[in-house]
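Each of the next two complexes has chain A plus one more chain, namely chain B in the first and chain C in the second.
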Partner chain A sequence: MPLLTQHLPGDDEQYSLVASLDNVRNLSTVLKAIHFQDHATCFATVNGIKVTVEKAKCVQANAFIQAEIFQEFKVQEESVTFRINLGVLLDCLSIFGSSPMPGTFTALRMCYQGYGHPLMLFLEEGGVVTVCKINTQEPEDTLDFDFCSTNVINKVILQSEGLREAFSELDMTSDVLQITMSPEKPYFRLSTYGNAGSAHLDYPKDSDLMEAFHCNETQVNRYKISLLKPSTKALVLSCKVSIRTDNRGFLSLQYMIRNEDGQISFVEYYCCPDEEEVSKSEP
Partner chain B sequence: MKFRAKIVDTACLNNFTRVSNMIAKLAKTCTLRISPDKLNFILLDKVANGGVSMWCELEQENFFNEFQMEGISEENNEIYIELTPENLSRALKTAQNARALKVKLTNKHFPCLTISIELLSISSSSRTVTHDIPIKVIPRKLWKDLQEPTVPESDVSIYLPVLKTMKSVVEKMKNISNHLIIEANLNGELNLKIETELVCVTTHFKDLGSPPLASESPSQSRNLEEMAEVRIDIRKFLQFLAGQQVNPTKALCNIVNNRVVHFDLLHEDVSLQYFIPALS
Partner chain C sequence: MKCLVTGGNVKVLGKAVHSLSRIGDELYLEPLEDGLSLRTVNSSRSAYACFLFAPLFFQQYQVATPDQDPARCKVLMKSFLSVFRSLAMLEKTVEKCCISLNGRSSRLVVQLHCKYGVRKIHNLSFQDCESLQAVFDPASCSHVLRAPARVLGEAVLPFPPALAEVTLGVVRGPRVILRSYLEEEEAVTAGVLRPMVTEMSLREEDFQELQAQEGVAITFCLKEFRGLLSFAESTNLSLSIHFDVPGRPAIFTVEDSLLDGHFVLATLSEPDSQPQGLGTPQLPAPPLQAPSTPHLDDFTSDDIDSFMIAMETTVGSDASRAQLPPSLSPGPQPPCSPDSNSEEAEPSTVPGTPPPKKFRSLFFGSILAPAYSPQGPSPVLAEDSEGEG
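What follows is the complex of A and B.
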């Protein structure tokens, strides 16, 4: 058992959050998937940690790391919230190298004393120990997208490989990505309108890549490409993605990420529709 | 003034290539000193380079099968030239799997170090690639500035941990800070430390060991736990680590508290000394 995950009795009471992990990559990989802004808010409850990143009040990314992923996970209060610089956190978590030799693991022990205190990280690999003291900041209110499953109109679940190529080759000269979801043809269509003309990509509903298809009515919504592009980071790491839109045209992308130990974590992106298009597409 | 030398052994050729690649990573321009039994690559204490010094030494007989030189005079049987190590390293790229390599001092409109590489070929006809590397001959009166730096009395001497681990740690630290503190004691502990407004990161290496102390050294009476430290430019340190493609047989770190850190590396046939001054 790595040095740091060995439990020392009695030293945990002073901390409102203590988490240990045998393989730090199970945490860092998921956090990398939402790293498009440095300001991140962390919420910890007995169920696990949620890390939230936002941009332009229009897009929000959440990474969920369940308590079961950790070898030890203790939260003393009902919930623990703090803001942290995600870039610095990721540099610290990968201090022993981001592409280590197969078979070598960096162990992590993470402690937080509470409001006003720094987040302490203890990392160990091959007998070398790194201690990081990252200052935390006043948590800010995060956006509430009020995305409720009862209001969901259309939903598809795709194998990520089916969407990966499409996203990595998005025509960035187009301002928007238009998503069409419909119970009838074209079922599920991605469209861009760039300098070199428009491009449409259709996924038939009986495609092998389509794991589930629940579309109730035709919806055509546009989203700013610049807001969706960061989600490619999560897409690359994920095995499945669920795409949902609600009655207001809000988009939810849920990525299922399998870690090196076969456990599942989730990353979720919310994005609001491009406003001009909302008025146009509504009858 | 004359210099010509030849390598025919593949292992020696690869070794020489490795040395010149390392020098190319460590210095933009440097001095090459040629003497009857040694070659030295020298970079000395120029403020423009951040005050970093390098002294690399190879015994010529470990590399060259033929070696002839005549210095500027009988009593000063040495040659000092200035060159861009990147040019040498690039020229030697052609020399992988070569049959032989010749180095020669020439004057083709301007002074050159000419590298001729005899390549292997399937047919009996041989092919030769020649690189002319422009150089500057350094006059006798400037030699005195290019002598081996004296190693200051260090407060702590300690063996370095595996350089690859250090390199990945320092690479990440460079993303966060421009300065790095190296501290070590005589109890085998070495710490790499950065401190910014946002974050403090310390990596602890232990059980490193120290070389046996020379009697009369000031560190004799030193408390084993007491740390000696230097704050240095993190890029200079990373540059030094990035130049080390092979883990050396011996790697020693000497710290003069708040003044300079001196790295002393010994490979099979090459020794490298590297000095990084402390930031004020």
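What follows is the complex of A and C.
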């Protein structure tokens, strides 16, 4: 730490983004939760950093790391945007090892000078400093799912432990995961239709796992299981998950992740429904 | 058919499915008057396993409603296993398990009632099938060992996970030995130096029953044995091993008032003592009385290279080997060799013609052996798998 705080005291003005962190895992854990594609777009504002990853124009994951998570967070412009290889970034963040000895922390100072410049990482652990420069790429437009809370039809908040096992044991021979949300029975149901038959998982609305249940009408939507499976990474790290669907059947999964210092970050997945009609054959 | 399992018995059932899954790809489910039977047989029919859960094992047990045919079905082991995949979860969260078979919906329905009111419903597709039944009789075996599963479990613990077969023998003392069995070719290709032989020796006092002559020894597959052991260990039962001369199936049983389990495993017909003897010179002579003619005819665990070596080093028996495609045996899985059923035509007793494979189908073996021979005309003791699973 001392090394990093002394680092470049007068040079901060030349950077459009400067962020430092005592424990790099508070950042890397959240980024791992969305690492299912290497191309990530980063947006930094005074509120914090949002990192966005997309796949197949059908699913989008956002990780929000608020400014408060960082010990120092300065953004010179209104917003700073760049694209970066998330795999490389994560490798650099864990350059001192991904499972360090308990009680030891890797400190991070992250600087970005602006368009066309690399992202500079200074990582320090036990007096050893590593400097990484990661080339940034042209930012691309990200999808706007236009998921607006006023259009939300159904919403449940579950304790993550209740879903964790369900997601890790999803029958991957099924193409889709069907989510039923309803004010009537079965309230909240996850279904798969695989080679060996179908499987349903029902959560009653009065279950202790159910933190909130606001369902207004019955919705049955199918989502490509291959698109939802990556969200298991976020689910494993999270303590609560909010599941919402809007009037178009779009799905929003919001994961609340508590870091080692007890601070909260959020990871959000959006997924569009599978186009095929839901068959009524299976009860 | 409908049965309801509650509490700790769900895990017992799950454990049983796990141990069956080490043997076969299909699970035969048959509700009988004296309980629910779960059976499986491996693809080469050299191993058969059966659990019977007595009606008292269940909270509720209903074989069939009067208008129904006696239900019986076979499901893919993989899909049934997926219901019971996580044993820790079964123990922690599952309170009730209800298995029902409904001919009308053509689904085997397994419902798990979990903590917090969560309910999992698996609708598994199944096939109608004949009853799967192997012919065996523990009482006709001349040798019996019985020991707590823990004792046997600790005895097989030191064996490497990849080891295919293990030899069980009774030596002077009497003591019971368990020794890793090495294919002769493994020893040859490695120049007899590399292979490690692990041997465990158990005292007579460790056994609850030990009725076996000194000098007897059988060799069988470890994987299936481990499966039953882990079941028996988790239920704290003792395990009995009934066996006869090498080549005759060995019968492994666990029993209590609520359930019994039978695993019938083929044994190697001719244990070849030579490399084993070299590896463990301190071993007393009797346990493995093998005929002196050495065979290099087992290429069950070969890659192409050792197959080639076997071709070169064996004179005279090339013909029998040449019929077999060398790519058949990628791993050390002798009983799974796909052609074991076709071996029946070859009488293993003809002098000078070593059997191409040492494990014979145990069902076939049980037909050949006069002591086992059923009087009925049907030679098919286990229903043929119907092609598609």
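Basically, the second predicted complex is superposed on the first by the 270 of 283 C-alpha atoms of A that agree within 3 Å, B and C clash if a C-alpha of one lies under 4 Å from a C-alpha of the other, contacts with A are read in each partner's own complex, and residues count from 1 in each chain.
The working rule: contacts are C-beta pairs under 8 Å (C-beta built on N, C-alpha and C of every residue); 3 or more make two chains touch, one makes a residue touch a chain.
As the structure is a prediction and not an experimental result, all values here were calculated from the model.
After overlaying the two complexes on the shared chain, residue contacts for A:N85 are found with chain B alone; chain C is out of touch. Once the two complexes are overlaid on the shared chain, A:V128 sits against chain B while remaining clear of chain C. After overlaying the two complexes on the shared chain, residue contacts for A:G162 are found with chain C alone; chain B is out of touch.
Legend: residue contacts after superposition of the two complexes on their common chain; A:M256 is shown touching neither chain B nor chain C. By the touch criterion defined above, A:F96 lies against chain B but remains apart from chain C after alignment on the C-alpha atoms of chain A.
By the touch criterion defined above, A:D206 lies against chain C but remains apart from chain B after alignment on the C-alpha atoms of chain A. Of the two partner chains, neither chain B nor chain C is touched by A:A67.
In the three-chain superposition model, chain A touches chain B and chain C at no common residue. Residues of chain C touching chain A in their complex: 75-76, 78-79, 82, 85-86, 89, 93, 107-108, 116-125.
Of all residues in chain A, those touching chain C in their complex are 162, 165, 169, 171, 194-204, 206-209.
Across the complex, chain A meets chain B through its residues 85, 87-88, 91-92, 94-97, 125-135. Listed in rising order, the residues of chain B touching chain A in the complex are 161, 165, 168-169, 171-173, 175-176, 197-207.
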